[in-house]
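Same chain, two partners: chain A is paired with chain B first, then with chain C.
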Partner chain A sequence: MNHLDLLTFARGSALDLALIIFVAGVVLRLFEIFGLSRKPDLARPRTDSPGSGWRTMLTRSIPPQGMMKREPVTYIGGYVFHLGLFLAIFFFAPHIEFFRSLTGLTWPALPSALVDASVVAAIVALFVLLAHRLSNPVKRLLSTFGDYLAWAVTFLPLLTGYMAYHHLFVEYTLMLALHIFSVELLLVLLPFTKLFHTFSVFVSRWYNGDFFGRKGVAS
Partner chain B sequence: MKPKQMMDTSPGTVGEGLRQRGVTRREFLKFCTAMTGMLALPPSMAKVMAEAISRARRQSVIWLSFQECTGCTESITRSHSPTLETLIFDLISLDYHHTLQAASGAAAEHAREQAMKDNDGKYLLIVDGSIPMGNAGYSCIAGISNHDMLVETAKGAAAIVAVGTCAAYGGIPKANPNPTGAVSVADIIKDKPIINVPGCPPIPVVMTGVLTHFLTFGSIPELDALGRPKAFFGETIHDRCYRRPFYDQGKFAETFDDAAARKGWCLFKLGCKGPVTYNACATTKWNEGTSFPIESGHGCIGCSEPNFWDAGPLYKALSMPISVTPSKLGKAAAVGAAAGVAVTWYNRSTKAQAKAAHAKVTVQELTREEK
Partner chain C sequence: MSATLEKGLNAFKEVIDTPIASYFSSCVHCGLCAEACLFHNETGDPKYTPIHKLEPLRRVWKQEYTLLGRLGKMLGLSRPVTDAELTEWEPLVYDSCTLCGRCSMVCPVGNDITYMIRKMREGMSASGHAPEDMKAATTRAINIGSPMGIKWPAVQAQIGHVQAETGIEVPVDVQGADYLVLMSSMEIINFPEYLSAISRIFKQAGVNWTLAPDAFEATNSGIQIGASDLAREIVSRIVVAAERLKVKCVISPECGHAFTALRWEGPNLMGKPYSFDVKHILEVLDDLHRAGKIKTKGKDKRPLTYHDPCQIARRGGVVEQPRHLLGEVAEDFREMPDAGVMNWCCGGGGGVSANSRAEPLRLEAFKVKKRQIESTGVHTLITACANCRIVMEEGLEHYHMKVEVLGLTELLAEYLVEGE
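Moving on, here comes the complex of A and B:
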């Protein structure tokens, strides 16, 4: 199998399978989470605070007072990584073509050089966050295999994408195939690992906000 | 002292042939300089090449055409440096070629056998077209199957040049579902040096360049992993494309005839396979350096790559999925939803069972354990 055949497989049957597992997995997990059903809270809410859930979706996304000073690496690293990844996924012209072919939707791309810079920032942030996770005793204690797995499968598409774009070390056709394979690995694992927070993060923030609002600690 | 003769004109040599046809030393050196440039050799090699070629005897060449469309021959007849005439009359002795030879029938086959006998171990074998491994009757010449003719003729060859994607990798005949069981030359011949000059058709100057290299050095040029001469197939079309700056700036044509296309913006979104295609189109160009497909407004289809015909739709961008469709994903979502309902039902029944099995304990039932 030569490099082009490998790329054809990566764009063809392998991608089919990965996307099918991804879509089925995400829908399954959403049903599972929403289907858990909470017991109705019959108590009268402690404070009358409508919209606490919605506000928490925002407030949990920005550091509470004093926390930026205490945990600058976590906050800044997290922002840089997530923003860099977001720009790379949704604003690189070839990626927009990918989404267009599936959804028919299209939007303007960012210049490749800007996307490139955001990928570098995201990669650097990932390494800083990993180093911090390993050196900070509390974070290390809280970390499980799932955290390191999530880190690795997120890092690989960024690295292979960067290498493909810059023609580093490996021949381009092969590197592009490897990039697509790494994305497929991410797609397959996403619904069943901590990476599912992509879909659940704002849902859980709303739930927490609403729950605590009823208990009297509205945001 | 007499200066070193640049053009050997001894009887029977290429030099003599050139002199007879009135080719001057200056013209010949010009040709050699152009060729060294094409082959990415240092300029000083032009003199060496001139001496070597003029001293050489005209190279016997046997050209076998199998499952092909004659496009490769059409392409080489449009060669401009050297022209086909120069190639045939001055540099090589084309002893057998279906389309170009005058002889036919038994006389044609005799010419092949004679050339094989006279130049045993020295002749160059050029093959265009793939070889059917299914029914031998799919393609045969003078009652000889393509496979048998290739094996027989390859035996005494010094080297083999597989011209065109069909001979090099199976090409379009090998495309799914490959009805004739087509294979490439390298799939059959394992004990001879094989130079692949793929392309559908290959660039004429690449074909003549490879021949010139063989005449000059008596050896085959440096090849890549797919057996292609690195001098011509070392870089992708994309890397050498004049539209590349637009790709880097994120400026793309959306259709073949929009304002962006007319401004010469990148054709990536229209399915250009330039980024994964190794060939010299963007540098040597076609038709005496006039242009190449991307220059005339159409994306590269990747014709010099193995299995290019089955490598996804020609008009889909490289980053697009080949076969996944929204309906497939819709079905996946439905399966996911069904599985989700099942899991939810299971979770709820577990919960209900736990609730049912929950035994209530009253204060009266609690007794202090006596020590």
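Moving on, here comes the complex of A and C:
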């Protein structure tokens, strides 16, 4: 199998399989969560606070007062990584072309140089966060194999994408194939690792906002 | 009914609902909850990281309610939760968590960790892994009627003192009263000022209120230890009395967890909405004050600050009311840093103060309160929870701080214009 065959495989049946596992996995995990259900809250809410759950989905992205000062590495590293990754996934011209081929939808791209910078920033942030995970006593206690696995499969698409874009070390066609494989690995593992927070964060934030909202606190 | 591991694990399975499943799914092990926890902050020990305290419950969730976890369990790859592990976790779940709710406010993925600890305690108590002191308090609450073993005659004696002191008759068992007033054991034993203050304020405001011999105790050890069946029995006494007397509103006293038990958990424990309202005393006083029914004269000249009890403010939504009332009677009111919904716990909530084993840790955790108070430079501390009050009095004494602690209701009563 030459490099082109490999790329064709990566873009073809491998991608199909990865997408099927990804979608099925996400649906399964959502079923696992919502299938448990919950009892209705019979306590009269303090104020009708419609939308408290929905607002908290957004407001929880902002650190509460004083917290930024306590944990700047986690907050700043987290922001830089998430934003960098988001821009790279959704605003790199070739990626938009991929999404168009998949869904028919399209939107304007950012200049490649800007996306490139955001990828570098995200990679740096990932390393800072990894170092913090290894050195901070709380994070070290909480960390399991799953945390390092999640780190690795998030890092690989960024690294391979960066190397492919800059034609570094490996022949371009092969690098591109490796990049796509790494994304497929990420897609397959996302529903079954902590990376599933990509979806569940909206559920957990909603419940938190709803609980506090009923008591007349927060958003 | 004896407690067994099996019962505990079943209770774990039973309490896991959609919110908890979403919380465990969302946790990215960022550790920010540790920064919000007073026990972690004051000791620096990572084992006090709030989400870590839930590890056994998380594993039960994973092994029972996720496909991968179930596969792992079938293949014998996962580690089951054992009695030994729950023994190890007991101090984390009880001694080092006051259910204060700060972690739930800061978790970036929105995990209500406090809600999970409250639920986890159901399995801990069902498996026999609750602190002995809390078991004893709960037994007293069920058998005698109060966690501190107080019976109605003790309240009657206090009523006698209050009537002699104020010349005001304390109403008992009044059918159709607007308000049913409850107390906490702590107020009955240590702070008789509360009943006296209520009598005087309500007389002036013309409030139609009553005490009930079958429901004078507001506290609920059942929700602290995590035994919903017992919590239901304790709260049902109040519900029965309120329905019997046909009151419009039950007033939760200056006690944090009593408010949570009665206001937020009660209807869910009973399985039906109440036919009456539940208000914290500060809400009632603020309502009366706004309606112009409380007349005060003069202001307290002492510089003073206010400690927000966790269950009243962060978990209860009563934040502005004490500020309104303090504005009326305090000349030099100073806020502590982090006051309001992000205030630091006194260290004794959630049953910790009833657990003598936790005392050294509680006093260590009190250092944050010490710093908060010191930064205001005051020697008078006002609060609205008798438990916070006793815990802070002990902490202040331990650290040789000359600070007087007062309940807000009694402070208000001091400046009441009477006899007009």
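The rule we apply is simple: the second predicted complex is superposed on the first by the 209 of 219 C-alpha atoms of A that agree within 3 Å, B and C clash if a C-alpha of one lies under 4 Å from a C-alpha of the other, contacts with A are read in each partner's own complex, and residues count from 1 in each chain.
FYI, a residue touches a chain if its C-beta (ideal position, glycine included) is under 8 Å from a C-beta of that chain, and two chains touch if they have at least 3 such contacts.
Computed from a prediction, not measured in an experiment: that's the story for all the values here.
Trainee: With everything superposed onto chain A, say whether chain B and chain C fit together or clash.
Mentor: fit
Trainee: Which holds for A:39: it touches chain B only (first), chain C only (second), both, or neither?
Mentor: Touch status of A:39: second partner only.
Trainee: In this superposed model, does chain C or chain B come into contact with more residues of chain A?
Mentor: After superposing on chain A, more of chain A is contacted by C.
Trainee: So after the superposition, what angle do chain B and chain C open up at chain A's Cα centre, nearest 10 degrees?
Mentor: The C-alpha centres give an angle of about 170 degrees at chain A.
Trainee: Taking the superposition as given, does A:208 touch the first partner, chain B, the second, chain C, both, or neither?
Mentor: In the superposition, A:208 contacts chain C only.
Trainee: Please indicate which partner A:139 is in contact with in the superposed arrangement: first for chain B, second for chain C, both, or neither.
Mentor: second
Trainee: Scan A:28 for contacts with chain B and chain C and give back first, second, both or neither.
Mentor: The answer is both, since A:28 touches chain B and chain C.
Trainee: Now for A:70: first (chain B), second (chain C), both, or neither, which partner does it touch?
Mentor: A:70 contacts chain C only, not chain B.
Trainee: If we overlay the two complexes on their shared chain A, which of chain B and chain C does A:147 touch? Say first, second, both or neither.
Mentor: In the superposed model, A:147 contacts chain C only, not chain B.
Trainee: Determine the nearest approach in Å between the Cα atoms of chain B and those of chain C after overlaying the two structures.
Mentor: 5
Trainee: Once the complexes are superposed, what residues of chain A are shared between the chain B interface and the chain C interface?
Mentor: 28-29, 32, 36-37
Trainee: Residues of chain B touching chain A in their complex?
Mentor: 226, 236, 239, 247-250, 252, 268-269, 275-276, 302, 305-308, 310-312, 316-324, 326, 328-329, 332-333, 335-337, 339-341, 343-344, 347-348
Trainee: Enumerate the contact residues on chain A facing chain C in the complex.
Mentor: Those residues of chain A that touch chain C are 28-29, 32-34, 36-39, 41-44, 46, 56-57, 60-61, 63-67, 70-71, 74, 78, 133, 136-144, 147, 192, 194, 196-197, 200-201, 203-209, 211-212, 215-218.
Trainee: Quick check on the complex: what are the chain C residues that touch chain A?
Mentor: 16-23, 25-32, 34-36, 40, 44, 46-47, 49, 51-52, 65-68, 104-112, 115, 263-268, 270-274, 277, 313-317, 319, 338, 341-342
Trainee: Show me the residue ranges of chain A that touch chain B in the complex, using the header's touch definition.
Mentor: Going by the criterion above, the answer is residues 2-5, 7-8, 11-13, 15-16, 19-21, 23-32, 35-37, 93-95, 97-98, 100-103, 109-113, 167, 172-173, 176.
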